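Presented below are the structures under discussion, each in the form of structure tokens.
In the two complexes below, chain A is the common chain; its partner is chain B in one and chain C in the other.
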Partner chain A sequence: MSGSRPRLLNPGRVGVIARHTFTQLVRMKVFYFLAAFALVLIGVQFLDLPVHHSPESTGVQLLFSIKSAATGTMTLFAVVLGVVATALLLPKDVEDRTLYTILAKPVPRLDYLAGKLLGVLSLIFVSLVIMDLLLVGVLAVKTNAVVAQQLAMADAEGWTAAMKANLEADTRQLGPTWSLQGAVLVVFLRAAVIASVALLLSTFSTSTLFTTVVGFMIYVAGFFQADARDFYFSGGEGMGMAGRIGSLLVAVVIPDLQIYNVIDSVIQGEVLEAVLLLKVVGVTAFYVLVYGFCSWLVFARKEI
Partner chain B sequence: MKTLRQRHRHLLVAAILLVAGVVRLPLERGLSDELLDAGLLQPSVELETRQQVGQSLWAVALGGLRTLVATVLNLRADTFFQAQQWTELADAFDTMTDLAPRTRYYWDIGSWHMAYNASAYYQNRDDLPTLRRRAEWRDWVKRGTRFLEEGVRNNPDDWRLWANLAYFYSDPLKLVDDARAEEAYRRSWETGNALPFIERAMVYAMARQPERRDEALERIRAMSDDPRAQVPAMLALRYALEYRADPGRDPLELALEVFGSEERAYRILGNHYLDLNGRFPNDGVAEAVAVLENRLAIDEEKSIFRERERLQAMPIHPFDDSR
Partner chain C sequence: MDAAVEITDLTKDFKTGIRGGWLRAVDRVSIRIEPGEVYGLIGPNGSGKSTTMKALLGLVAPTEGSCRIFGSDSLAVDSREKVGFLPENPYFYKHLSGAETLRFYGKLCGLGGRQLDERVTELLDLVDLAGARDRRLGGYSKGMLQRIGLAQALVQDPQLVILDEPTAGVDPVGSRQIRDLILELRGRGITVFLCSHLLEQVQEVCDRVGIIFRGKMVREGRLDELLAIEDETEIILRDADPALVGRIAELVAADGRASLTHTGKPRTTLERLFLEETRKREEARSSS
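Here is the complex of A and B:
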């Protein structure tokens, strides 16, 4: 029995590695970023512009500012941590020689990689949950204040009860909604994709800098993937075969990060339906599985 | 040998990425289309916008933070507003709405700045020749209106934006276009989300067009059982249009039928007759007011006719010949 191969993706083993990775990152003081996030939320309160031309416009800009600044900061944190932490972990484990200690034990390399990715994603998730709680709290307070201000103004202008109810419903749509929670989840999903790309890069690169730079390049390119795909499917009008092949290559290799831009629409008050959110989750799972599997293929036989 | 095996692995990885990419292409495309249909994805940003936001903000917008860039630009626009730099302000709002086309607030505030603040600024510039003031005033009113027209094209289901546009067309202090106002109110009402006053506003816009008054009366008659339509302006309009349809009717009898009492009829018809900005039909109104003033023994000093003369002597429009 001693010669038998350990079972792949053992939850206990993966969990231990993930927990270790989480602790390792926490010790790097990444949670200090939460203080920066709180400062952003406080700072944005001062951005209430003195433009009051009608009840429905009063204070609305402040709600937009809070949401866009908060989700922007969340995105920045999640993406930077997703790329940098993932790029850093493998070389750091080699440098600290922890990797040799782990792999000398009956730990499959797949479990090691899965644990590392899960650890990074757990940290991003926990951080986003804390930031989300802060955002919801601040937004709820501000939305109530804005609604009260609008209703007072509407009263002064002699609006009817129906008009005021409609106004309140419209404004509350800009406050803490389930769609906004969905948008925060989408911030996490986008980070998960970019972290799994960084994991793949780090399996064949020994340089953290290379992985980080290329990871960010892929992140930016991901916003053009849909354009490349549409260009290919439209027949590549005005460009030769090389252009079409180039656009196809970009479309099949790079993940489509534009689908995660639903965050922008939710900030503007659009409703993110659960079915669509589930589809985004499904596509994300596909990306993570493919990039994760490829990472394992490279890492499994890599000489360390 | 190991190197060769590793090379094979890398080729295998490349092949898997390509195959997975080909498999996911139609899935991604379908999802993108669904998100676009649901209004959750926005069209690509114009090249002109990229030049306007500058390289640093463009990089932020590229990182999936378009609304954040729009927020920053909104702060910048406020600076332009304070400094009364209207062209820069309008450009900033053009860029904002390109980045966040579903945000009603930017269309609303941007059009208001252009059609009201910028136009009023030029209207009050006494140091400029009258012709130049008039041209600038007109340009900014038109620019604000065009901006809002672009807003409703991007948000056809937003009843408030349609209503704002209709208000622009109806405003007697701007470039009035009652046919377009009626159409905009109609589009607002047809979204199914608008409040009842939008339907009434549509009828008012119809009544302001002489060729649409028969239809306006039909509409008012159809709404006569709706308690929400029993507002003074609507009742006064009903009186004027009923009288217009049958000028032979006794004004007092018609007034009592519509308003229920002489006092109420006098109050509502009096206000209607004094509303010069409303540009509503006044068929039979002067006749009814005269009879009612006589019956209610209204003092000559408090006569509606005297008040109307006083109001008529006051200037209404900044550039009267543009009405």
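Here is the complex of A and C:
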């Protein structure tokens, strides 16, 4: 057969496995979640929000609510799918012996792992794009409505043109901005990290439940990782050896997810600097490569 | 010329239990299969047949010894270009149809485009599943799964096919189909390495057999040599009356050296009977 194909990470082969994983998940009907997302977006608009009497605070709360409900649901979906799908698919292949038939073809184990991860990630990505489009649509309509309301109020209170322009610019900053798109990308990147953690877990665990539970625990612990690391490097005053070793373990094994909290400030209307976004991309690439590589080390030796 | 399969002193230990006991699943087994041969490995459950095959495919690493396929080591990925494998009790992705399954495995082997489309159709015809082409595998019967598994193993036109219990759990008609397929592969010069605990089937298709018991190869050789009972001769008569049989018995008694061990009606096997009857019904139905 063709000897020209690269031995490892052949894009065609990885693509076949990724596409298959994607189809498999689609046929498991994960896209129903999108309907849930749409319901959340609709539901948020009926929230009973406090009534304001000054132009600059009118309707602003609604925009915050839409954005935080949307990014919250996106995060939930992305993280749950990243952990559960990854934790489910690999043991399922082992159990059903489909892995035998795949690895009995000229498929390196690295390609198989990469394909699985890529398949899960592309499903998350596509779902987030669809959710993002919905969010942008709803937010654009609502922002226009809020701006119109504010300007009408400002007129009634006799604001100057300059003041009104300022007000409008401030409010539009809370609408669909590029920073918000960046924040959605950050949601995806965070899910990519946690999916690769789940991939590593599922290469040595035989139980889907174990992988899922530990995966979520690591996700939660990821927010405190920086604290554990600080604690370790500060010398861990007032703690014994066990505490120090524990915090070292946390700092080494668990990814630092604090950097992904930029999403929150974007919801508050702050600008997401391109440099910061690049840094998040870099950190994500680092984690995915490290966890992916460790998964391969374990999986390459695994007796299936 | 390289042997199709060359297993040399293969030993495989498994860790059992939590407290680190070891189990020797395969114990210094050597098998050499020449290109074009059909080799059958027989032995009771748990005697190490599947483990031997998995080691040959690089799915488990040998504790000692080595496995080669057409000269290349089983632990290298490219050794699997020329081999097709049907695992024991295979399950494939239930959400894929028969044709999608074959396309998936074909693409893993680097096939694509028109060539793959034609190959898929050809294989579905070969295993008699053209009618179930677009049905999901979730609805396939055991025999159909086994046949789609065989088609999957053949997708890249391999020179060696490894079949782990190809007829286990399949009814006699289905297992006859699978046997015919194996014979067809042999006719095309493809090397077949199969294992089974169903001895009769091995007897019908294999050129050479090995008997493995508790991980050790206990007997190996050409089937006709292993099965011949050297000191007996069989005579089968048609329309013989009892008087003729009596005269033959007298002749044998007069010989002094030879003795008559058995006369009676030869029996068909239950399996042959079953196949014959179902075939008759099938013919009656299709002619009416």
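Here is the rule we go by: the second predicted complex is superposed on the first by the 293 of 304 C-alpha atoms of A that agree within 3 Å, B and C clash if a C-alpha of one lies under 4 Å from a C-alpha of the other, contacts with A are read in each partner's own complex, and residues count from 1 in each chain.
Operating definition for what follows: a contact is a pair of C-beta atoms (placed from the backbone, for glycine too) under 8 Å apart; a residue touches a chain by one contact, two chains touch by 3 or more.
Every value quoted in this text rests on a predicted model; they were computed, and no experiment measured them.
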Aligned on chain A, chain B and chain C: do they clash or fit?
fit
Does the superposition put A:S68 against chain B (first), chain C (second), both, or neither?
first
Contacts of A:A104 with chain B and chain C, given as first, second, both or neither
second
Which angle, as a multiple of 10 degrees, do chain B and chain C span at the CA centre of chain A?
170
Is A:M163 contacted by the first partner chain B, the second partner chain C, both or neither?
first
With both structures placed on chain A, which of the two partners, chain B or chain C, ends up touching more residues of chain A?
B
Quick check for you: in the superposed arrangement, does A:R13 touch first (chain B), second (chain C), both or neither?
second
Quick one: is A:E303 in contact with chain B, with chain C, with both, or with neither? Answer first, second, both or neither.
both
Quick check on the superposed pair: does A:V60 touch chain B, chain C, both, or neither? Answer first, second, both or neither.
first
Would you check which partner chain A:F286 touches, where first means chain B only, second means chain C only, and both and neither mean what they say?
first
Shortest span in Å between Cα atoms of chain B and of chain C, once chain A is used as the common reference:
6
On chain A, what residues does chain B touch that chain C touches as well?
301, 303
How about chain A: which of its residues touch chain B in the complex?
47, 49, 51, 53, 56-57, 60-61, 64-65, 67-69, 71-72, 75-76, 79, 160, 162-163, 166, 170, 190, 204, 219-220, 223, 226-227, 229-230, 233, 251-253, 256-270, 272-273, 276, 279-280, 283, 286-287, 290, 293-294, 297-298, 300-303
Chain A to chain C touching residues, read off their complex
1-2, 5, 7, 12-13, 16-17, 20, 23-24, 27-28, 96-98, 100-108, 301, 303-304
Could you list, by residue number, the parts of chain C that touch chain A in their complex?
14, 54, 57-61, 77-78, 80-93, 95-96, 104-105, 107-110, 149, 152-153, 156, 162
Chain B - residues contacting chain A, complex
2, 5-6, 9-10, 12-13, 16-18, 20-22, 24-25, 27-29, 31-32, 34-35, 38-42, 44, 60, 62-68, 70-71, 74-75, 78, 81, 100, 102-105, 108-109, 112, 116, 160, 195-197
